[in-house]
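The chains carry the letters A, B, C and D, assigned in the order they are written, with residues numbered from 1 in each.
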């Protein structure tokens, strides 16, 4: 289903003040520049309010940060797969650690995205929940192990087995699902190491989005891809 | 705080298939046409993905359907007051019956909107919760009495006292807050009746959004304003 | 981990008026009587407020209807695995369709129950979410297919493949997990049919709890076990 | 409606390990002893699993920590007002900061409790949400100002105006509703000060529940009442 080229680097813009208004577009353009210069597959996930503007301006993939598992209808304040697709997104994060969903809703959201040609990246926390998510048949799974979130812990220095174990658990359920490393990535060396450990890419956020020179930071991060 | 001209007619686009992609813009333009022809104060509430496009194209107020009570930051999939404002909205619905919030979160959302120059329309269900919402100092309260939701019950024929009781309960707490009637509006006569009962306007949805000719339906609805 | 004897019949008391106050104990005693007369493995799931009284009075297993995925601590209004275990329950339903949990929370709840010697019965809706739940390693999975909920649809007459497909999907992930049929059971013949289709038992509710003579109804239901 | 004698001291047992199993009963008995020795009105809020045992053993009021705003029926894992009342509770906390409810659900819960002769203590965070809660007509409101939660901040030393402002805001809406101070109480002097500031009592938790000698700590806290 997915035609997302890997290894992929996905940038989650979150709701940082650095992406309010037109700033989201400028960040997306910086990401596009790096993709152009380096040839690396880079995806941007702007706030929903900026999807249409960015999708109309850049030629790298634009994903939503979240999709609501609702059918079109009386669902005030909800963003369906159709609305996201209609705005120009070609994929979406699902179940991010800051936007967790119920199990049944993840299943429904993945099904609805598939029916609307949206690539799904389901976020998980442990190898057990990653294997669980694999049964729901998303395109990719981004694991954010609590052991690697926050602080200065990087996947290179600490706990590489978390990634290996998750990749193995996911592949055991469905060999076609790709795994992204969603935490513990601080440097280009970490990105390279995540790929060596079996990941098909990384999910990044503040390190790029809040940088004073995002293009330069991103270029460093993807240098070994 | 609010400079929303009343009586006001607010159109909630919800997540209907009728407002996917560019269809939301065309509906907003139809609403703008009616506002122009009739001089009535009309507000549109498109899905978040269409706010920027519509706010950049029409000159009637554009409100969000929902705001997340989060500060700018690591809030994946959330739309802060800043993001909504940055997209061009000048107000937002809060606590719609299809998107209920916790009491503390309604208070936080209203405060955050006020700090970002967004008009707030807090939705409620009973005269008691309307009075409660009034203590949080939103600009408007839209009451959707369960007695008037669905079916063919209209505010004209049935239960006008629901509106009068809510207006009185809200004014007792804060005389500066305006009350909208959010259910039971089927015809222009219902709109007129709601105003006579003390409402400062109405909140409409499917009757307009799902109509084959929304402009014509809306023009009928506002004919006595 | 589980020593739950199968085939098992689990009775979910829900929050029906028929189980308020001491009525829950009398219903549990009726279930115990049927277990004694028939030799069938019967489990009762009373409201949390009745667990201690019932666990102290009957000798059939008592399960909670829900466990909160919280550690002991400042968790007002939450029931931890320790509190449920401390009241005398030896297992619990998790993620019932009327009490859905986030994926990460199901994983956490199952782990906490295992650490506190509580048998877990994770409820699911489709074969995909059942397979997903299997990766979290609960003791049992009770599938409540939407196709079989409500109305007069029974597993015997309609859609037996829903059960077979779910059993197969779960066993593919973990052969040690037992599957219960959680919907579409109206008669003793349905119970028998569910077992033939690969289920290790059934999860029942209103049919027994709201019956004027629960013991008689339950005895009919288990007659072919 | 309420016959809760004031000034009242309410002890929230939360889900601390100190109240698992029969330990909750022993703590409730210690509270009863202090009530007997001092004549102070003391209320205990044990986990739902211990309500029946404690209500059957002590003669001080037993309140639940939470009530679900559901009618009796198919509500797995939910505790209705009827179930809590049936277990012997005579009141309940509602909307505790660790168990927040939607505005409409607080309204529904208070109404359901009133219909079932349960005293309601709605918890709030600011003077605005306290005033809002007052419109829902609970018996008491317990304000837990964020400024007073955690650390060593006490109501005596810091920010007494938070209590005064909340009492005034609540009385303006409904003079019959009593206000409890739910944070910043460390010593007997703080309890006395809260009363002087207009509170009708205090809501306590870890200071008593996690003490090595709860009776002694509680006796100190109520010494000036």
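Before moving on, here are some points about what is shown:
Here, a contact is a pair of C-beta atoms (placed from the backbone, for glycine too) under 8 Å apart; a residue touches a chain by one contact, two chains touch by 3 or more.
Here the structure is a predicted model, which is why all the values come from computation and not from measurement.
Among the other chains, the CA centroid farthest from that of subunit B is the one of C. Subunit C and subunit D have centres, each the mean of its CA atoms, that are 34 Å apart. Once the centre of each chain is set as its mean CA position, subunit B and subunit D turn out to be 37 Å apart. Subunit B and subunit C have Cα centroids separated by 44 Å.
Looking at subunit D, one finds that residues 97 touch two or more other chains.
If you check each pair of chains against the touch rule, the ones that pass are A-B, A-C, B-D, C-D. On the side of subunit A, the complex with subunit B involves touching residues 12, 14-17, 19-22, 47-53, 64-66, 68, 70, 72-80, 82-84, 86-87, 93, 96-99, 205-206. Subunit B makes touch with subunit D in their complex at residues 95, 97, 100-107, 124-126, 128-129, 131-137, 169, 173.
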